[in-house]
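Read through the structures below before going on.
In the two complexes that follow, subunit A is the common piece, with subunit B as its partner first and subunit C second.
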Partner chain A sequence: MSDTGTVIPRVSFTRRIWRAIPREIRMPVGMIAALIALGWIIICIIGPSIIPYDPLTQDLPRLQPPSAQTWFGTDELGRDLFSRVIAGARVTISLALLLVIASMIIGSLIGIIAGFFGRWVDEVLMRMTDIVLAFPTVILAMVTAAALGASLFNAVLAALIVSWPPYARVVRSMVLSLRGADFVASGRLLGFSPLKSMRLDILPNVGGPTLVMASLDIGNAALLLSGLSYLGLGAKPPTPEWGSMISAAVNHYDSWWLGWFPGLAICTVVISFNFLGDALRDAFDPEEVRV
Partner chain B sequence: MSQDSEQPRAIEEPPSPTRGRRSYTGLLRYLGRRLVLTVVLLIGITLVTFTLTNLVPGDPVAAAVGQSAADDPAIVERFRKEFGLDKPLYAQYFGYLGRLIHGDLGTSWQTRNPVVEDLGKAIPATMEIALSAITMALILGLVLGSVAAHRRGLISDQVIRLISLLGISVPTFWTAILFFSIFYYRLGIAPGSGRLSPGASAPPRVTGMYTIDSLIAGDMRTFVDAAAHLVLPTGVLTLFTVGLLTRFSRMALLEVLDKDFVRAAHAKGLPTRSIFFKYVLRAAAVPILTMVGLAFGSLLSGTVLVESIFAWPGLGSYAYKAASQLDLLAVMGVGLFVGVVYLTINLLIDIAYGFIDPRVKVGS
Partner chain C sequence: MFRRSLAVFSALAVAAFTFAGCAQPTPEETTTPEGPNTEQIVIDTTFDIATIDPGREYEPTGQIVVKALYDTLLSFADDDTTKVVPDLAGYVANDDLTEYTFSLVGERLFSDGTPLTADDVVFSLNRMIGMKGNPSFLLDGVTIEKVDDQTIKMTTEEPSPALPAVLATPSAGILNSKVVKENGGTTDETDGAEKYLNANSAGSGPYVLESLDVASSAVLVKNEKYNGPQDPTYDKVILRNVEPATQKMNVERGDAQIAMGLSGDQVAALDKTVNVASTPSATVVFLFLNQNPEINEWTAKPECVAAVKKALDYDSLLELAGLGASQATGVIPSGFLGALPKEEALKFDLAAGTKGAEDCGMAGQTIKLGFPNDIDPAGTSLTTVAQRVQQQLATAGIVVELAPAPFATEIDAYRDGKAHMGLWYWNPDYMDPANYLAFGPGQKVGLRAGWTAEMNAPIGEKVAAGYTTGDLDARKTLFEEWGRAMNAESPFIPLIQPGSNVAHQASVTNVYYNPTWLINVAGLGAA
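Entry: the complex of A and B
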């Protein structure tokens, strides 16, 4: 639009990330995290076809410690724990991604509408956001999940209700600062409709930081979903889900492997995605994404 | 439109010489506006809970009386009458709000006790863990954050970063189980679940927090017992919170360390230690304090998962039982309480800004 330094430039998000990667990748910790995250995504895709046993069939001896045949041991119903942990990756990671994408879309839409239209629209939407933010996250998700009935899909819905507000807040504040920018005003002078202005001028500039925020949120989403399943409000029993596998371990403290392996699985997923998000944030722009 | 009008605004101009007389009318007006906002938010919380539990397919009556009793229309009828569920929804809701003004949170369907009474028992139990965890986490977080900020980019910074990311990435319910099975089940060095050993009687109630009450009563044996039971749940919650606070302190301190006045103090030859404690820490206190408030809120939420493992009879256990039974009034009670705490902390922090950082004028 103009090349004076004061204007917020339209720079493609992917290009900025691309430029930033080499510097970040040199950091050993970030590199390892990236590899682990990549490993989990691969497991997520091909996992079910490489596992040695069916994760649902209960035909092995019960509560056997890890051995050459069953690497992670067997659970209280005679199922292979390794197969269940691997199969659980698809459940947890794909649902966490679904949750993050959904809350990003809903939160950003609300934030854009609030910031763009201002006045009473802004007031109503932001008070709504405040209410959800003031409500204790786990408790609200718990009530929703309990009310909807325990199922994985309902757990995602319940988690969605508590996870959109931060996006709405951040996107709104970005829109507020963008709205006054010269290139947005010039768009308006060119006769852009609000929709066109949002699509052409606002969205491209809001998208990058929001994506970074979302990448930092994947770990949280996985934690919340597995927490709900742990409480018995998510995955139903035969489903290989890490949270519910851990809750089964509570009754068998002697069989340490029951809790350790699914727990380590959650940890490595959350840690690696958190590190990735962290590296992305550092690389992208530390100032812009701060909540 | 008022963008974030409820937030105190930082005023960039230098303080005027007349600033010594603080204007209290501004502060009062600000407090009034915040109070109205708080009430609106609390009503919103009740509305959200009420709508959720009524619009969704789950049947609270069946959840409360059990499936077999729910098939008997007479029992259902009696239950609905007892708890006013036979009235239209709007009447139920406004009836609740009306009683709420008098401090009556209704009766729990599950325990058949007034919700206020249940909360009175659960809150001190949770506060005992939450307060000790936030204190520990703040101390550890500040120390680790300062070290990381001073050695930015060095190996110790990286290690601390790893530890703090680990802290927020490990599911609390998993660490709780690990701690419990390692320190109690295997090593036997920590006491088991609950707030006191079986057979021990609770100290006479003053605050409801057993450690403090037993100290007041001068009962050292009960104090040691209560404190020992506190260690594991506190440890689990500290681990989670310390990650958050370390990351944030590091960020806040780094920002201040870059400022000109810090450089000037160094140039003047002041010892690093006194620069840190007198200037840097004080300037970074505002954002760190904000984060402590937020962390405390999420700590209260986090107790839900931890308490169930340690059989700790606090808010979290209560909320979990209430939510899984769709015990509407109990859930609203918990939601309101945590909401009040969260909003009050934020308000106190916003007011404290003015005292820590005189450039921030509340209510202007």
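Entry: the complex of A and C
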């Protein structure tokens, strides 16, 4: 997280991705991960139109094992589990994306300001970051969510509070080394205002690594959000949310399918997005570039 | 080549070990079965033991242990909790139910051979009151005096119809006062005997304590000096703290003879070789609508309460509670004096419910339903029940928004009467219907639903009468009338009485669930 060595020379970010994709996507693991992640995102978008049953209607026999009619079986209230798992993708993945984007924006903003202005601004912002980092992530998120009351929005808010500091830290360290770079200095000499300098010289150079970091974080965000729901601090019933589905399954461990399928969904989302993030990071690491 | 043969060799070795493991004889197979095995019995349960000092103990698992180690003045026969029977003593009460006189029956002996006298009774009960432990409130306002060596008199300022039932609670167990005093026992908060009593027993019960680890196990052995009415079968009783998933496997395999922590759905999935003693528990899961118009305009209307009572499909809710559960016929569960018969339970009538909701203006309104989401009273998940309630009321046009919170948070809203609609449960403190008068208007639980005394004076009068009647038949009639009035007019909607399921091997007989002490280990038989 604190490796400041990954500062990238001034090359357009989109161009770097373009150059990186063909080589890395050929890697089988990255490829499969990307496909699975893409699959989940597609399910997330078209999910509601492909599910066979209403995920909220309790009109099937309860606790039925997987069969031809109900592919993943039915839950403790007689709802179709397949429909709920698919519907749950929209809840979990979209919120995870929202969380990651929000924490990336907030964290980067704080990091850029701290790194660019330095001195007391840096001190104040970084001590704030330290305070949040000093708490165990999940515990702090739990306390916040419990204090705000159980709801998905509050869970995202609670998760946001604990997930911006790493971005602030990394971005600040990159800005620190960029600040003294020749092209930034020449920009300032040309009369760029601090805002213009940050926008034109700094942001494009920290954008790439930050996005890679964010892509690595999507899986963790999904895990944190479903963890909060598992503990009853996130999604409110009857929302089809993977974490709360697993929590309900704890009382019915003889019906293995109740926990197995939502668990599998969380597992594939977390692993595929993390692998995808890893593949992207490799692609962006200059030392890893193979000839 | 060498590498390959090494791999083959290790694979073979692993396989060999696995087979050896399978072939190893289990302890059950090495003992030759000769008649019923009465040497020992293993009971798996999930522990909540904090202490086994009777005067301080008030947890379900603790009650099992304390019941086996200590005798009480009065008791219940097997699973009949509607009537107290004499154990150490018989009693007579005055007409006002303010004065009870107990006479010890025969000469009972403590496990060290000393006879049990009135002094021990007075010391033990005064200690329970004076230490201000968890069960102390049960004997609030009771004065205990010794009349002679065989007679004890208890007086209360208020009439106390529930005193006999309270004295049948294991917490009111009688200790050997000499031994307890020698080990730091007093009758006030300076008492220091708890540590001793957690490692040794000092009672007259059918068993004595061999060892206790509050986190894992309790081992009891027969009390050789026991001269009471019970005839314990097993020489040794081992209680183990085991996760429900493992409990199920253990009782199916025969590693344990009894499993006590299985939910209704788990019991339904048990091996057919395992027997199940299934009875309704004393827990009642209920719904309430807040009567305070400042909290919610709609739930406060009696017509809306009546509509909700009709709109709920009680049978469909019952299916969620699994084996042994029944519809709660009133706030007083079956097993108590004055519980209503099945026919008088609330009935589902969707058409009337829908019409009622529309007429009272509740249809289309969004009502918040608060409930604890981390508690499963008697194995019934409130989160599951709440979702079904939500769907049923939606059918009748009432929109329910679920507002769950962890127990520790939600309990405040409930106790302060802030919840619009609530889904909660009640476990009795003692086995007397007077316990349930708390649901009356202006009473403890009634106020949680914003139901003040002025709102329903007739039920209020019945509540007052409930505290002063001693005659069993009169009490039965009175509590039934009270229950009918509550079903008709109260903001409480009794839903489910979850089942209590004790899974046991066929070799164990006489398995009875009793809400007070769960299971009486001295009463278990062998076949």
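In this text, the second predicted complex is superposed on the first by the 276 of 291 C-alpha atoms of A that agree within 3 Å, B and C clash if a C-alpha of one lies under 4 Å from a C-alpha of the other, contacts with A are read in each partner's own complex, and residues count from 1 in each chain.
As a working rule, a residue touches a chain if its C-beta (ideal position, glycine included) is under 8 Å from a C-beta of that chain, and two chains touch if they have at least 3 such contacts.
Quick caveat: nothing in here was measured; it's all calculated off a predicted structure.
Chemist: Give one word, clash or fit, describing how subunit B and subunit C relate on subunit A after superposing.
Modeler: Because the two structures are overlaid on the shared chain, the partners are seen to clash.
Chemist: What is the contact status of A:Glu123 with respect to subunit B (first) and subunit C (second): first, second, both, or neither?
Modeler: In the superposed model, A:Glu123 contacts subunit B only, not subunit C.
Chemist: Quick one: classify A:Asp54 as touching subunit B (first), subunit C (second), both or neither.
Modeler: Neither partner.
Chemist: Kindly classify A:Gly232 by the partners it touches after superposition: subunit B alone (first), subunit C alone (second), both, or neither?
Modeler: The answer is both, since A:Gly232 touches subunit B and subunit C.
Chemist: Which partner does A:Tyr253 reach: the first (subunit B), the second (subunit C), both, or neither?
Modeler: Touch partners of A:Tyr253: subunit B and subunit C.
Chemist: Does the superposition put A:Leu77 against subunit B (first), subunit C (second), both, or neither?
Modeler: Once the two structures are laid over each other on A, A:Leu77 reaches subunit C alone.
Chemist: In the superposed model, which partner reaches more residues of subunit A, subunit B or subunit C?
Modeler: Result: the larger residue contact count on subunit A belongs to B.
Chemist: A:Leu176 contacts which: subunit B (first), subunit C (second), both, neither?
Modeler: first
Chemist: Given the touch rule stated above, what does A:Met142 touch, subunit B (first), subunit C (second), both, or neither?
Modeler: Touch partner of A:Met142: subunit B, not subunit C.
Chemist: Of the candidate stretches 9-17, 27-35, 45-53 or 63-71, which in subunit B collides with subunit C after aligning the structures?
Modeler: 63-71
Chemist: Which residues would you name on subunit A as touching subunit B in one complex and subunit C in the other?
Modeler: Touching subunit B in the first complex and subunit C in the second, residues 146, 149, 232-233, 253 of subunit A appear in both lists.
Chemist: For the complex, which residues does subunit A have touching subunit C?
Modeler: 56-58, 62-63, 76-77, 146, 149-150, 232-233, 236-238, 248, 251-255
Chemist: Okay, in this complex, where on subunit A does subunit B touch?
Modeler: Per the touch definition, subunit A meets subunit B at residues 27, 29, 118-119, 122-123, 127-128, 130-132, 134-140, 142-149, 176, 219, 223, 226-227, 230-233, 243, 246-247, 249-250, 253, 256, 259-260, 263, 266-267, 270-271, 274-275, 278.
Chemist: Can you tell me which positions in subunit B touch subunit A when the two form their complex?
Modeler: 1, 3, 37, 40-41, 44-45, 48-49, 52-53, 56-58, 158, 161-162, 165-166, 168-174, 177-178, 180-181, 185-186, 297-298, 300-302, 304-305, 308-309, 319-320, 323-326, 331, 334-335, 338-339, 342-343
Chemist: If you look only at subunit C, which of its residues touch subunit A in the complex?
Modeler: Its residues touching subunit A are 245, 248, 263, 265-266, 269, 319-320, 373-374, 376, 379, 381, 383-384, 386-388, 390-391, 402-406, 409.
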